[in-house]
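In what comes next, subunit A is part of two complexes: it sits with subunit B in the first one and with subunit C in the second one.
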Partner chain A sequence: MTDRSAAVRGISLADAWRSFRTAIRLGWAIEANWSDPFLFAVYTMAKPLSAAMILVVMYSIITGGQAGKFLQFLIVGAALWNVVYGVLAGLVQSILEDRERYRMMKYVVVTPSSLFPFLLGRSLARVGVSLVAVVLTLAVGVLFLGVELRLNLLLLVPASVLGLVAVMGLGIFMAGWCLQLRQEAWSYPEAIAGAMYLVSGAIFPVNVLPAVVQPIAWAMPTTWWLEASRRGLVGHGSPGDIGALSDGTVMLLLLASTVVVVPLALAAFAWFMRAARHKGLLDMTTGS
Partner chain B sequence: MPDDLSIHARALTRVYKAKPEPVTALGGVDLDVEPGEYFGLLGPNGAGKTTLIKILTTLLLPTSGTARVAGFDVVTETAKIRRVINMVAGGEQSGYGLLTVREQLWMFSQFYGLPQRDGWRKVDGLIEVTGLQEQRDQKVRTLSTGQRQKLNFARGLLNDPWVLFLDEPTLGLDVAAARDLREHTLAWKAGAPGRTLLLTTHYMVEAEQLCDRIAIVDRGRILALGTPGQLRRRVQAESIFRIELDHLPENGGLDAIAGLPGVVSAVRTDDESSEGAGADRVALKVALADDSALTSVVTAVAERGSHLVGLAKSEPSLEDVFVELVGRGFGASDEDGGSRS
Partner chain C sequence: MSEVGIARTPREAADWSRGRVVRANLRAVAGRAYPRIIGLTREPSWLFFEILLPFLAVSAFVFVYRALGAPEEFVGFVVLGGAMTAFWLNVVWMMAAQFYWEKDQGNLELYFTAPMHLMSILAGMAIGGLVMTSSRALAVIVIGSLVYGVSYQIAEPLLLAGVFLLTMIPLYGLGMLFASLFLLWGREAFHLAQLLQEPIYFLGGVNFPIRHLGAVSALVVATLPLAVGLDAMRQLVFPGQASEGVLPVATEMLILAVMGVIFLVGARLALRYLETLARREGRLTLRWQ
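The block that comes next holds the complex of A and B.
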């Protein structure tokens, strides 16, 4: 046994990549097959559009039908938020579904593949669907609501990459946290995503938030990602202090907040995994 | 050397936090399993069998003590352990229902790091071995319980594990499906030397059929450990034979047999099978210190003019062993024992 044991290796980058790739296929199979293709397409389009339209209608009623720059701020923020929600919900659902519904998490955990690339891959299908929602919402904004696209790909592309990494970091933190919770925990991330929605400048400029909340907003990478992406899509013009910052400053703050958040999230996930192993939660069915 | 063993555990303890007081699921287990050995953990629900498997498969951390699988520590060397083990649990409806049998197996082949082409080849081979050819393109959600468990078993062999953990693998299966699974398990063992199995079960027949050695477990402790034969001898030191004769031996009869060297006792025990078979037919229960004394008994019977009509060895069952050790049967698992598996 000793000779054979010496030949056994740990997890390699190739293993992680293979798991990630395979988990994407699994995620898509689950995401796209819960209903027939027509219903899936209708749901994919109707959900984000209706969410954005509710905001637009509310805004129009409050302002008496006066469209303006703020409507553009609102629509772009609501569109981009689909990505944040897609990542958070995708990661958390992966944990809960695999453990509680499919009861396969224990079998994934005992493979040499790490749960981390598996979860990322598993949730990516949801991210893909959310990108469709972003495009659709923006298209409706441009065609019917006066949104003017002024694409700056030099800003949009790096902002999107950094933003996605940051949001994935937040999502992996939340997935680890949900590993400690009961099946009903699927609603907790939704609540947190909702809170982040309010404080990240998606629909309310940070300046109008209560003073005690504003430091949280400035510390969130989502705030800087939304602002950088807005500038990459529709140019400058965000209301409040954030609109006065240079592109370089916004990108630097996005980078800084991402660099802080992601390692912390990974460390937290490792801690949550160990805690789950300690408490025996990796194969627990809590939905009773 | 612990590193040469497939499984090595010392003082392994697991305590769950619970109210009103902590629950001890494992209370200091010592266990050594040799490479190539099929080892069974036999015990009622709540004995701690599953907790032990969870620790050895790296799903759960022990509260104290040490355990090594294939020479690797279960706490610090999980990645290495996971490369050489696999696990199959029974009595559950696990599986990605939206995937086909083939897709699900292929997916796990990737998690085990098999190159794509090798993965498909391995998957198709295991589908054939487990008799799932007709279901290969069927979605997992449409499979019967037995078919799902076959799929689960096939998944358990994907990485050709050194140590395979089977946790109540035939729980909830019908007789035919359970038999199939046991046959697959034995065939896997025969496939290559050194393959080790740790099986938990509360089915005596399963443990006897599959295992070289068995540990009887209750309330988180190993009460007895040995081959099935050794365990039986714990409750019955003598060999008991039921001897059926056409008539009672002459010239001293029973007393003469009882006085033979190696014979502990010999009593007449006419029962239903001997009654009515013939007016003079008799059945004797003969206890021997050793099986070798049987020859002299048979010779003595013949010398005294009787003819042997039937001979059977009476063996205690593993359940008898369990009852002797624990003081209750398998059906009466002690919920108050508080063990959690």
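The block that comes next holds the complex of A and C.
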């Protein structure tokens, strides 16, 4: 007989922490340990550096190679964007891989432990790789391309924390949404990250966008995270209207957009999970 | 048949007439091309994503050039590069990585046991992929040109068509070669496919003329069909100083032709090796390897 008054294993904070740690190890094994270490290192370095170098060459063709604030703007934006893509792709692909490829999602969901710590832990390897890409891109910028770091930790640290929380919120929303999709769920993170790349002022000032799109840019937490991080890293923000705002206003807008996005994303994820259980989508395979 | 009377391949075992071999291989080409062509109408969501994703990338680079105050032909370079990117993505994900996916889905062993040549399967994939991707590339060019107001000055449309077709042969030949190599490298397929994106966009000059890469551009022209084809097409579509190529168009066409032969022969040799390995070791068709 089960003692009904005893705590159910799997729902305490300690159990959640254990799920989280186990999921981190699993995510890392899938992401890296099964690969050739040399290839994995090359892949980790070459992809973000090439993405940044495309922008550097474009810049140098047009400006004749003069180092300037716009080049710093480009490099910092290209570097930090790795985090957005890493978080979105990490969360979405973790949930899809576990459902479609490894077919473990249903087993994880039926344990008493919440899916949430597992999902966060499972995606952390990709987030870690993306953070390495940020450091590498910035290092190349500083060492070879004339990027001058003027660190303002009072701005950078809270901006990084808030930005990461906001981006994870968006990733959790996407992960829940992709569980509902029957077709092309794998393409959504890239499509959404691509659209956000366009409207967040990552590699060009928001002013260049068509007027109808600019309000979306102003509403995105990623726009304010990038802006605050630029100011915290190189001491200046974007060219254009956003760059003219005070540091306090930028941080306030980052905080406000994060406070709106995160609870909405968590509520949406809970709703998506309920819908997935109800419709039997947790063990669905689309063959895509 | 071999000396001991045991066929080494299903083709030997079939012991068909030459006519039947040709017909079976042509049917394999058509059969493998069919799902990709018919998929154009059956999977509208593919169409959406495969046009949207390159278009988003194109838009980002167009806005960078606009923010930098670049001459308008650079916007055209980006749009043309974005269209050609669709072919490269098709080659990487739907040619190079395809055998690996087929293995995961359990189809690969059927290919190895069927009495047709694996080159026919790859040719079918290439033809189907080319048709499918052409529609997407055309959509990127039309939408990009309309939205960003790109104008083209094509004085020799037939030569341009020739360069395009000549680019596709080594491009898909490279995909065929990679299909065997990806399978040999096993679990790295996903990482390899990722590795062949941004670094190739950079080295291939997808968003800028490759002569700006300096000494590296010579190496790129000698090895990467996407880069050579794009450089030649830019010279024909946007004549002017900005699109000055690494080499004259005629020389680049010759390079593409040589590349086509090398990659197709390489693909055939790699497939032969792969087939031998698959039969001898029996591991290549195992999932998760």
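Everything that follows uses one rule, which is that the second predicted complex is superposed on the first by the 267 of 288 C-alpha atoms of A that agree within 3 Å, B and C clash if a C-alpha of one lies under 4 Å from a C-alpha of the other, contacts with A are read in each partner's own complex, and residues count from 1 in each chain.
Definition applied: contacts are C-beta pairs under 8 Å (C-beta built on N, C-alpha and C of every residue); 3 or more make two chains touch, one makes a residue touch a chain.
Only a predicted model underlies this, so the values are computations on that prediction, with no experimental measurement involved.
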| item | value |
| --- | --- |
| Partner chain(s) touched by A:19 [first = subunit B, second = subunit C, both, neither] | first |
| Subunit B versus subunit C as contact partner of A:46, first or second or both or neither | second |
| First, second, both or neither for A:109, with subunit B first and subunit C second | first |
| Partner chain(s) touched by A:147 [first = subunit B, second = subunit C, both, neither] | neither |
| Subunit B versus subunit C as contact partner of A:251, first or second or both or neither | neither |
| Partner chain in contact with A:282 - subunit B first, subunit C second, else both or neither | first |
| Touched partner set for A:58, first subunit B, second subunit C, both or neither | second |
| Residues on subunit A lying within both footprints (that of subunit B and that of subunit C) | 34 |
| Complex contacts: residues of subunit B adjacent to subunit A | 1, 3-6, 16, 35, 54, 57-61, 70-72, 79-80, 82-87, 89, 92-99, 103, 107-108, 110-113, 155, 159, 162, 194 |
| Touch list for subunit A against partner subunit B, complex | 1-2, 4-5, 8-11, 14-15, 18-19, 21-22, 25-26, 29-30, 33-34, 102-104, 106-113, 118, 274, 277-278, 280, 282-283 |
| Of all residues in subunit A, those that touch subunit C in their complex | 34-36, 39-40, 42-43, 46-48, 50-51, 53-55, 57-63, 70, 74, 101, 183-184, 187, 190-191, 194-195, 197-198, 202-205, 208-209, 239, 287 |
| Interfacial residue positions of subunit C with respect to subunit A in the complex | 43, 45-46, 48-49, 52-53, 56-57, 59-61, 63-70, 74, 104-105, 187-188, 191-192, 194-195, 197-199, 201-203, 206-209, 212-213 |
